[in-house]
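Some structures to go through are shown next.
Shared between the two complexes below is subunit A, which has subunit B as its partner in the first and subunit C in the second.
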Partner chain A sequence: MKGKDNVLLRSFGFLAATFTISPLVAFAVSAFAGAGKAGGANKALPLLLAFISPSTLSALKFSLVQATMSTVLALLVGFPGAFFVARYNFRGRRFFMALAAVPFCLPAILVILSFILYYGKSGYLTLALARLGYIPKGEGLLYSIWGLVFVHAFYNFPIVIQNVGSVWAKMPRSREEAARTLGAGRLRSFTTGTLPYLLPSILQSASLIFLFCFFSFTIVLVFGGLAGSTLEVGIYRAIRFTNDRPKALALALLQTAIALLVVGAFAHFDRKNAAISKDFGNPPPRRRPRSFSLLAIGAYSILIALFFLGPLFALTAEAFTVRSSLAGASHFGLENFSRLLTGPNPLLLKAAGSSLALSGFAALAATALGFSVAASSHYAARRGQTMKAIGFGVSMNSWIIAFPLALSPAVISAGWSALMNSSGDMLIVIGQMAIAWPFVARSLSAAFSSIDRTRNEAARTLGSSPLQAMIWVDAALIAPSVASAAAFAFSITMGDANIPLILGGGKRETLPLLLYRLTSSYRFSEACAVGIVLALFTSIAFFLKERTNETS
Partner chain B sequence: MKHLEVSDLRFSQGDFSLQASFSLDRGMTGIILGPSGCGKTTLLRCMAGLEKPDTGSIMLDGNAISLLPPEKRNLGFIFQDLALFDHLSGRENIEFGLKLRKVPKVDAVASIESLAKKLKIEALLDRKPFFMSGGEKQRLAFARAIATKPALLLMDEPLSSLDAPLRRELKAYLRSTLSREGITALHVTHDVEEALELGDEIFIMNHGRIVARGAPRTIFEAPPDAWCVRFLGLGFLLPVLGIEIKGTTSIANTSFGSYAYPPHECKASKAQIDNGEAYFFVPKRAVSLQAGSMENMGSGSSIGILDAKVEDIIFQGTFQKIDLLPTPVRDAQEGAGPPTTCDHIEVEIGSAVAIAKGGRVRFSIDPAKCAIVPALVRS
Partner chain C sequence: MNLIRVIPAEGEMRKAHFLGMGTSRKFRGVFLSAAAILIVAVSSLAASCQQAETKNLTIWTYDSFVSEWGPGTGLAKLYEQKTGIKIDFVSKGDGGALLSSILAGGKNIDADLIIGLDNNLASQALDSGLFSAAKLSNLGKIDSKLLVDNKNRLIPYDYGNFAFIWDSQSKITPPASLEDLTKPEYSKKIILMDPRTSTPGLGFLAWTQAVYKDGWKDYWKRLAPSILVMTPGWDTGYGLFTKGEAPLVLSYSTSPAYHKAYEKTERYKALVFAEGHSAQIELAGILSSSKHRKDAEKFLDFLVSEEAQALLPETQWMYPANASTPLPDSFSVVPKNIVTLNASVADPVNDPEAAAAILAEGAR
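Showing the complex of A and B:
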């Protein structure tokens, strides 16, 4: 049995690794093949030149700078929220926690659209501030590196609230109190009794946000050359417009190398965080906020409403605003929706159908692969077979799950395209599955490890065979998590614009692509209508996931 | 003047309310004893300034500390989970409070070395808590709490998570160290044995109130109410059916018969007795037991002697606990009235006495050692 488990673990590990690495290799091979007919060192020359070209270095610098700045700002914005949800019971606490859904269920293209409508040159807030005389008319708040950082930070700060807040809420206060009884003031007792235990979750969130911002594609693409170009956008341009494969490969290798370090740090802090939280015991009670704390929570809520919810309200308002011309009169109505749903070419209906079908298949496939990887490593670990730690103290199977996070979606797409030598629906499904399965595997690994082993053992002592115990006990306990992971995968694939953009070959229009196309042609109201439909699909799936998690 | 004086401390949260007044002499160890949820930990946290009481004053060493933040109260606190700083070594944990008090480095080092030697924890100084056993962590937490020479040491069930042998060892360690160092301490526990071993004075709490206080012996010999008798496991209780005064003698009628008792040992009011809220408290030491049935005894010798069946025997090492089911009796004095029934009672006898399970025994009660107690003291 032990041997069988080992074989199972290794075969799923091999499958997952192959699935991840093969498009990368295919892409590299295609890049070399495209580097000219000369052989040997001559083939590597364009690659080497691409590495040291000024545009590569500038993209690298810009990626690192904007990702670092965005991460720091997201931490600053999210940290007070994490404190409030951890320590206080107040109206809206659950809402703050639920905001964590935004980075996962609202596609970047939708968020950028809402930010343009709110902070752009004719944005609601910009106009309001101009009217009050705070900024000159016609000057948007977004079109600089600061705008990019701002959008990234406000897109990702809920991750800090969710990750740091949930650890903080479970943390016993006794260490902070011990420091106080030993003579420390509030700040010192926080830095001694709380911060060291919170640090892994802060760094874990920071590495995740850094990764998201580092790979930022749509947000940078929409801003175009105004703010600068990231490595991911550079890869996309090199593949799509200049067909400079060596350049794309150089950028991809640089990006993956840096991302691997961050992914390693993420997995390391994730492991450390889990080890620390394991000993926390019962969570301390949360208090009702009074006077100063109530005021602080109020001020924070206003800040979030103004800067974060404002754009989303603007998006909703715009979706229902019908304009007769750009500067003309407008009224509220459903015409933006009906225009896209009726007529000989009902764009919205077609795009929704494509999105549902493609994401449905991709989510199913991602769930199957993610489940197989998580289950095989769980049962192997239960029998005492764990893979060796190979870097950052992270085991091989954790690396297999985390590695795809370090890969550029543009490279995965191009790699699959080279591998299958075609474009079309099948490729989109494979590409989207490739980006979603690590999230499924990660969430199912956590679900498996939270299963109390004694339940299975109790079933065994009551007469179940190992297989029966696995089916009647483990499968029943894990089923809600599988459903929730599938919903999560659906949310991710539904909101993804990168894969269909690169692999669809222009033949298939999904909701994010339609949104992107309408935004590019300045049909903002109709883009918002599409955005509302897309947000409905992704958020319903995400909230189903949250609900399943809660009830299980 | 007392070293610690707590006056009318009140704290409320939801349905729970705490109200306490008590004092403690310098160098004494006070034990706050009570069941889970009675407010022991809350009382300790209020004293440390970790909870904000609604009213009340706390005087420590002549200073009013109730309005001071925790860091200004000069207290030591040992938490239930010990709350050691895992990222700091044993030495850094102890040094933490000294640094904040700006003790010069040389003096701090000397003080830590000397404390470590006294508490036999030299080997722990350069290790982090993760690499220490439960007992070692306990010693380190104790050292950290007393390193700053606090005016009062507060301990919140610090031994509750330890296994029995380690707990025994640490109880002896705490007792000797507290006494040798002359530390004034308040120790919270729900373990009666721990309270007896460590306390100079015991405060028993129930539902947020201190219902009894005194030296361990006083509490054990004169519990204030039936709740304390049950909680401390001091003996058994017989409902008082009525009181008769015959000249200078007070007689309590119970289901086991009528007993003359010392009049000053009646702690229940007349109203409580009339309302059936009073009990005849029979301490374990007031019961004597003999093997053999009443039927084997000659007539006339049975007054005050009761018959019972041995339901169970639990061997406890130096003594054995006997679970008895007394035979229903008529009024022993009058020989009249309906037969009465009674519940199981538990008595303790030396482990050398040979008694068989299922057999019959005779037992008698010495009323001079008994008392009448109310069901519950309300304060």
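Showing the complex of A and C:
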């Protein structure tokens, strides 16, 4: 049994790693296969110079500074929300949790358009303020580092609500109450009774948001002010324009090395978080908010509505705005949708169908792989066969799960394209599965380690075989988590435009691809309409996820 | 195990009975002849497929060429009607991704033709040695200014001048030259694309280098205060412009034709600058590894014929390379008096970095 488990564990780990590593290797091979302008050896010196060139260093500095600032602000904005969803039962609580879909699913160009439509020069907020007699100064503030940090924070804060909130909700009150009975004040009892247990989940969310901001490309370039430059820009340029793949590889290695430190921190806190929440037991009941807390929740909701839902609302309004009249005036209507839905070639319907089918298969495959990795690690760990920790106290398998988060999207895209000489639906499914499985594996690892072992043991003392106990007891406990992980995988693959663009050969149009095609042919309002449909699909998946979490 | 043995036997008997054949011997005969027919049918189908395959052309291109609003579908349909040859368009992503997949694929590319490179990417594509010369009967009809390769390995099929688009409903006076853009009245009024990550950005850099020669860096320094934002791609920049973020945006002189054709508005106008304009010339070429050279050459000849070229203006929103192609009504709003400069970026590796750095410095 012992050997077998290890084989399973290793083979699933290997399989999973293959999907992550192979595009990377394919890219590295193509970089040194002589496709570049100069030969291999005389590339070495310019490469070393590229590492320490002023433009690389300033890009690195800017990436780190903006990601840090964005993360801090996202934490500040998200933390009260996490508290509210953890402690109180109120209308819209589930909605707050489901907002976490946004950072994963809304394509960057729509994020940009939505913030512009709301905060921009002729945006809704600006016009509303002007009507109130207030004309904001600081033209172009949105296009400075402040604008960037603001957009990043308000794009990513729901991750804090979701991750910290769900841990906080399960945390027993006993410790904080004990501290208070011992005479500690509110703040003191929080810092000694709650914060230590919450810290891993806070830092876990922080490292995830930091990674997203660190790799952010379009948003950084648009809102980062003209100073905005990231390592990803250098990589993108070297691949697409100067065909200097060795340089792209060097920059990507540098970027990945730094991201790996953060990923390591992420995996470390993730593990700690799982270890802590395992002992929580049944979640304490949530209260109905009263006077003061009701007021606080109300104020917070208004804040979120004003700053975060506002842009999303503006995007929706834009989808229903028709700009096609002689006078150049616009009116509300359904034309943006109907143009895409009617006629002999209903693009929106076809794209929605393709998206549903492809993401469905990709999500199933990702769930199968993620489940296999998580389950094999879990049962091996249960028998005391954890793989050796190889850094940050994190095991090999956790590294495999977290590693994809540290890779340059531009390199991975080019790698897939080098790896696959052809195109087709099958390849889209494989490529998207490779994106989504780490998220499945991560959330299932957490779910597995929070399984109540006593039930499994009870079943076994009542005469079940270990396998029976595993199937009937553990499977029943883990099923809701599997369903919600699958929904998450579905949302992620649904929102991805890169893989269908590169591996689809142009023959299959998914929703994000349709959106991309609309924006590259002047049709921005119609793109917003497609974006709304896309957001609807992904948020449905997220609401389902929240529901299964709720009932579990 | 038993089941597996029983089921085919049952099926055989039932089938035999159904066909009215009493003996299994007769059935065997029928089966054999059916099998023979099937084999003939399949092999002839395969042969016809193979034949059809020799009649197919595979063309790699960028995504918007094959999208609903691109010319790909129309061109393929027209060509098949004329010649019976099927065109299989394969999109490789955007223009930059197209070049990088060609260079990465080398001689093993499973395609005959490439459509969608441009004058900025031409030298790298030609240096790769992957393209071979084409002999076209329509070559003489192409505007000779557009021919970028004297060996005719890359053939121009359309082009567009880079130009600033002005929102006529804004309250600014339209600038009349590159130099005008540096005036204080245009402070934070211009949306530009990044020369490091986009073709229009690169085209603008080439434009300023053609006009200011060695003084281009000084020009960018003077220009910096006028730039509101530099976007990574054309679509984001133009999107911001149509949402009213700034009254001026870098785009193509043909952009107003889109608004005329689909939004029936002339609000957005292309500005003609005194110094002249740089251009993007889009190119197609035959891969030397193609197994269907003759057919590929024929298609390329078709692509620059008036018939095919007429499809391009309102799908690509570019001028056809064949000067004798009639233009649609919407192009009446495109200014005609634009002087095209012979412009290219002097150092494509370092100059875009330098330009971006100058703007960053100026913004501080």
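Here, the second predicted complex is superposed on the first by the 379 of 552 C-alpha atoms of A that agree within 3 Å, B and C clash if a C-alpha of one lies under 4 Å from a C-alpha of the other, contacts with A are read in each partner's own complex, and residues count from 1 in each chain.
Quick note on the criterion: a contact is a pair of C-beta atoms (placed from the backbone, for glycine too) under 8 Å apart; a residue touches a chain by one contact, two chains touch by 3 or more.
Here the structure is a predicted model, which is why all the values come from computation and not from measurement.
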(message) I want to verify the contact counts: of subunit B and subunit C, which reaches more residues of subunit A?
(response) C
(request) Mind working out whether A:Y516 is in touch with subunit B, subunit C, both or neither, as first, second, both or neither? (result) second
(request) State whether A:A485 touches subunit B only (first), subunit C only (second), both chains, or neither. (result) neither
(message) Is A:R175 touching anything from subunit B or subunit C once the two structures are fitted on A? First, second, both or neither.
(response) first
(request) Look at A:V530 in the shared chain and tell me whether it touches subunit B only, subunit C only, both, or neither; answer first, second, both or neither. (result) neither
(message) I'd like to know which partner A:A402 touches here: subunit B for first, subunit C for second, both or neither.
(response) neither
(message) I'd like to know which partner A:G193 touches here: subunit B for first, subunit C for second, both or neither.
(response) first
(message) With both complexes superposed on chain A, which partner does A:S30 reach: first (subunit B), second (subunit C), both or neither?
(response) second
(request) Scan A:A365 for contacts with subunit B and subunit C and give back first, second, both or neither. (result) neither
(request) Check subunit A for residues that touch subunit B in one structure and subunit C in the other, and list them. (result) none
(request) In the complex, go through subunit B and note every residue touching subunit A. (result) 48-50, 69-71, 73, 75-77, 79-88, 96-97, 100-101, 144-145, 148, 154
(request) Spell out the residues on subunit A that touch subunit C in their complex, using ranges where they run on. (result) 30, 33, 35, 37, 55, 109, 112-113, 116-117, 120-122, 139-140, 143, 217-218, 221-222, 225-229, 233, 236-237, 239-245, 323-328, 345, 347, 413-414, 417-418, 421-423, 501-502, 504-507, 509, 513, 516-517, 519-524
(message) Going by the contact rule set out above, which residues of subunit A touch subunit B in the complex?
(response) 172, 174-175, 177-185, 188-189, 192-193, 196-197, 281
(message) Taking the touch rule as given, give the residues of subunit C at its contact with subunit A in the complex, in rising order.
(response) 61, 63-64, 66-70, 72, 89-94, 96-97, 99-101, 103-106, 108, 110, 120-121, 124, 127, 169, 188, 194, 196-197, 202, 224, 227-236, 238-240, 242-246, 255, 258-259, 262-265, 267, 317, 348-349, 352-353, 356-357, 359-360, 362-364
